[in-house]
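You will see chain A twice below: alongside chain B first, and alongside chain C after that.
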Partner chain A sequence: MGYFGNIWDGIRTTAQGLKLTTSVFARAVTKGSYTLQYPEENLPIDPVTHRGIHEYDVDRCISCEACAKACPVDCIYIESAPDAKGKPTKGKVSVMTRFDIDYSKCLFCGLCVPPCPSECIQLGARYSLPGHTRDEMVVHFHEGGYPVAEKTDHAKKMIEEFRAEGLYAKKRAERAALGIPTLRPADG
Partner chain B sequence: MTPVPPEGSVPVAASPAALAAASAHGHGLGAEGFDPESGHMILNMGPSHPSTHGVLRIVLEMDGERIVRATPDIGYLHRGMEKIAEAYGYNKFIPYTDRFDYLAPVANNVGVAMAIESVVGIEVPPRARSLRLSCAELGRLHSHLLGLGCFAMDVGALTVFLYCFRERESIYDFMEALTGARFTVSWTRVGGCARDVPPGWIEGVRRFVQGLPGRVERDVEKMLTTNRIFVDRLKGVGVIPKDVALSYGLTGPVLRASGVEWDLRKERPYLGYEEYDFDVPVGEHGDAYDRYLVRIEEMKQSCKIILQALDRIPEGPITVEDHKISLPVKRSVLTNMEQLIHQFMVVTEGPELAAGERYFGIENPKGELGFYVVTDGTGKPMRLRVRGPSFVTLSCLPHVLKGAMFADVVATLASLDFVMGECDR
Partner chain C sequence: MNLRELLTEHLPQMPEAISGIVMALLLALIPALLVVAAVVTPVGLLGVYAERRLSGKIQDRSGPNRVGISIGPIKHHLWGLGQSVADGLKLLGKEDFVPPGGEKVLFLIAPLIVFGGSLALFAVLPFGPNLVGADPNVGIFYVLSIGALEVIGVLMAGWASNNKWSLIGAMREVAQVGSYEIPMGIAALCPVLMTGSLRLSEIISRQAAEPVIWGVHIPIPGELFLGWNVFAAFPFNIITFVIFYICCLANLKRAPFDLPECESELVAGFLTEYSGMRWGLFFLGEYAAMFALSGIGATLFLGGWTGPVHYLAVHGFGAAPGGIGDIVGGAIEFTWKTSLLFILMIWVRWTLPRMRLDQVMRLCYKYLVPAAMVCMLATAAAALLG
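This part shows the complex of A and B:
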């Protein structure tokens, strides 16, 4: 191969190598790039099946602690206000004073969801919970401010019943009497 | 070529002085890193080394570039998994099994669920069986794709790694659609599966699996199989002869690359593997290159199995009807007192399994993943022992690395394709 043959070989192989790069570049320019600017843009996720941060309804919760017992890492902490005899209230009348989930422990395995008899806890579509301390990883669900669990038919039916009977307002008032704020009410 | 040890010989270990020198001086470099007795250099590899696939530390005693002794130091990822199983019970243990071989979480899920079921002889419905089989094979593709990608990357071919990850991304998407999580799927339950497949899932997997062998040929094999650098780097490296592989109890692709045709899917069929048509690839020389070839061929066979399985997924339930073991359907719990009690008992006490004990092993991507389960009639196992393939694979490391060049350590480690999450448990 002569001097010019070498030069031609260099040009030819460079062009060959750049063919893939140029084609991808051209696609990115004309049709948009493959990448996402993450904090501003997000990949679409399925809101029904995704196993993200929980959705919960503090008013429908009967504090049966089934979810806490099903949890493989014991990251759910439940307390309800005592009744006249000093025992924690259970069932439809219970007033939640604490429903914390420690997301520094949570595995998002979904074992807490099927046991719930009032279907008030579900895994939701949110997955971002940034914070600087471990305390910020604990979400106080009893204060509200998080999406309400309403994925199933039974949950929707219960919400309607609760609205009709005015139980949302009643429980909110009972919690307020115990000094627990409601950041965003469950009945909208 | 590593010599075969004589009958009854004990695996080599670093001398006490060498180990003391290595552990006393952290990184093991500098003047203190020399074994005063022999003048050999003590070199710590890991625990944070990109090629150790996790947190494996190897204390290498070296004479120049040659390795005199190699002592793996494991346990950095120990989480006490077996004790967790005894403390938390059957269903609660399943999310933990995602963290064994975290490159094929769904295969571990299937393994532990089947082991627990085998103690009392629970037969899952045919639909759950076929789905479990398809997902276990997807797990194999999942693991081998990463195994090949990291293998190529460790010996210097980064592009293959990216191509393999593109394929893995599709498997993540299928897992996300099926279970709601991309990686830690926690998909099986004692007596069935957590969720049924969404619409269109089977067609999606079929399209992906049909195209995969072609893409592997184009993107992986074309770049590596006849690549002179790759072949020269791997042929005759990390040789495990047949008898050594058998004496160490190796399983999976590492054993098959050494020329032993042993695959639990053929030898002790479970999940109905005997009904499927597939071959077990076997290597000849037991070197790193053969292990690469075996994994490539296994992926093609997995694709073949998945295609057959997807064609015969029957309709029907995905959990057993006995609700003392599996959770009842939610609608019946809300209307039926008996089912509510069953649900309460399964959640708080755990599935009701009669007393018994059984060892059950499945062919995981890395080898035989076995569970020895002792039940005592309560909701928690009395003992759950895990036999992880990576731990056994790593046990032959002192033998394989003895006499090798230092640069071959990385190639050998990558070709053994172990994962520390399962080794340390």
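This part shows the complex of A and C:
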């Protein structure tokens, strides 16, 4: 390319670049930019495949601690109310006094979900947990804040069993006696 | 009054001399402070805001759009206009750090020299009829020489930082700006040739007169585009204007000529060791100089404060010369031209990639200098024709 060819090339490519940025600018101004204004706008999330903050049913939990044992970072803390002999209750009658997950540790691997015999823990679609302290990163699931949205056939069968035995009302009353609030209407 | 007169004749009357000096200082300082408060700071803050918003849109994002006002019940995001103010306040609160082993005095005064250099450009900037700080008979010469002051400040900053990146950045600045002064000076000579004067007000009034292109009188008012210097010696001064504009970009270290602060190679070039408000002064100075050089470009080639808006104010609404309508019309005229050139600088920055140093030098010496010389010869011929 000769001397004047170089000049022409410089002018041509500069004009080409300016045209490109103008087209992007015009599109961003007229149709809005590609980015979202996060707290007000959110990207749609697939609730089936997304691994977000857990969903948990406190009434159906049998306090078997299978999820806590499966957890690779030990971020699930489980305690249940003691029975007449002073031992923590296990099984259907178990009343949860603590089911905390520390989200400053949790790595959202989902290994806690398959071991659960009552299918009362899942990974949900929520992903926002802002806070100022480490304590705010711990979610107290036994207060019933994040109920399971999608229920499996096995879970539905268990719900019917629990309802027939009147366990929902009984466990809620026992939790209330221990001073644990129930933030949602339980299943049944 | 020269120094000898001051010493021999005025020394006995020292109290009066002192009061005179104090008066002169006050008379110079108060307008200077007013210019800083009313023009330079808003121009810098708005310039940063415009840059960030436009670059956002060019990159398909929003840019700053949150920081507004919240005074009692009055709450509004103001499209993010408060962002620059918030950033400035943040910079004011930061530590004024001097790197150990650096030249402390040079390090501390370098940003003041850079900022002062761009501030001094505003002294001769004709915002409108009678709306000018000073109109010296060496107008353009003053602009070119005071604009070169910035190089000294940058070299001081680079040298005093005790940092190899800073020094390399400063050396690049010196090489680049020193080279681009040549085509810039030649390009600025073309309007001077057409006018026969370095005085900015005369360059403006020549562009408002009836246009003469290659000796041919065109019987329309010069304010309606054709009288502008960019159309003098058609089409050579269009090229001259482009050359002048490219040199302005290079002198301001704007992309694609931002080698002195080239982030990908030199961290931040001569700015690497600066923090807090001294860094902010470099920034404010850069945007103020962008506005000032855009204004000089508009004055030299695009008719300054004379043009269609001013023509409409005077002939359409019958504003008296020197009256308020005349001044406002001229100021609007000057502002739209300057803003256009300012926005073009931002647009170019977010379009073109950075050049290599050898490419920058080749563009200057191989292309801009010969082209500017040809254009100057053509302009001289056109000036001979009338």
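We take it that the second predicted complex is superposed on the first by the 156 of 188 C-alpha atoms of A that agree within 3 Å, B and C clash if a C-alpha of one lies under 4 Å from a C-alpha of the other, contacts with A are read in each partner's own complex, and residues count from 1 in each chain.
In this text, a residue touches a chain if its C-beta (ideal position, glycine included) is under 8 Å from a C-beta of that chain, and two chains touch if they have at least 3 such contacts.
Only a predicted model underlies this, so the values are computations on that prediction, with no experimental measurement involved.
Novice: Applying the touch criterion given at the start, work out whether A:4 contacts chain B, chain C, both or neither, answering first, second, both or neither.
Specialist: The answer is neither, since A:4 touches no partner chain.
Novice: In the overlaid three-chain picture, which partner chain does A:66 touch, first (chain B) or second (chain C), both, or neither?
Specialist: The first partner, chain B, only.
Novice: A:29 in the overlay: touching chain B, chain C, both, or neither? Say first, second, both or neither.
Specialist: In the superposition, A:29 touches chain C alone.
Novice: Identify the partner contact of A:18: answer first if only chain B is touched, second if only chain C is, both if each is, neither if none is.
Specialist: Once the two structures are laid over each other on A, A:18 reaches chain C alone.
Novice: Mind working out whether A:109 is in touch with chain B, chain C, both or neither, as first, second, both or neither?
Specialist: first
Novice: Applying the touch criterion given at the start, work out whether A:38 contacts chain B, chain C, both or neither, answering first, second, both or neither.
Specialist: neither
Novice: I'd like to know which partner A:154 touches here: chain B for first, chain C for second, both or neither.
Specialist: Only chain B is touched by A:154; chain C is not.
Novice: Spell out the residues on chain C that touch chain A in their complex, using ranges where they run on.
Specialist: Interface residues on chain C, with respect to chain A: 54, 56-62, 65, 347-348, 350-352, 363, 366-367.
Novice: Help me check something: in the complex, which residues belonging to chain A touch chain C?
Specialist: Where chain A meets chain C, its residues are 3, 6-7, 10, 14, 17-18, 20-22, 24-25, 27-29, 33-35, 37.
Novice: Flag every residue of chain B that touches chain A in the complex, lowest number first.
Specialist: Residues 88, 91-96, 176-177, 179-181, 184, 186, 194-195, 198, 327, 330-331, 333-334, 340, 343-344, 347-348.
Novice: Under the definition above, what is the set of chain A residues touching chain B in their complex?
Specialist: Those residues of chain A that touch chain B are 45-46, 49-51, 66, 69-72, 107-111, 114-115, 117, 119, 123, 152, 154.
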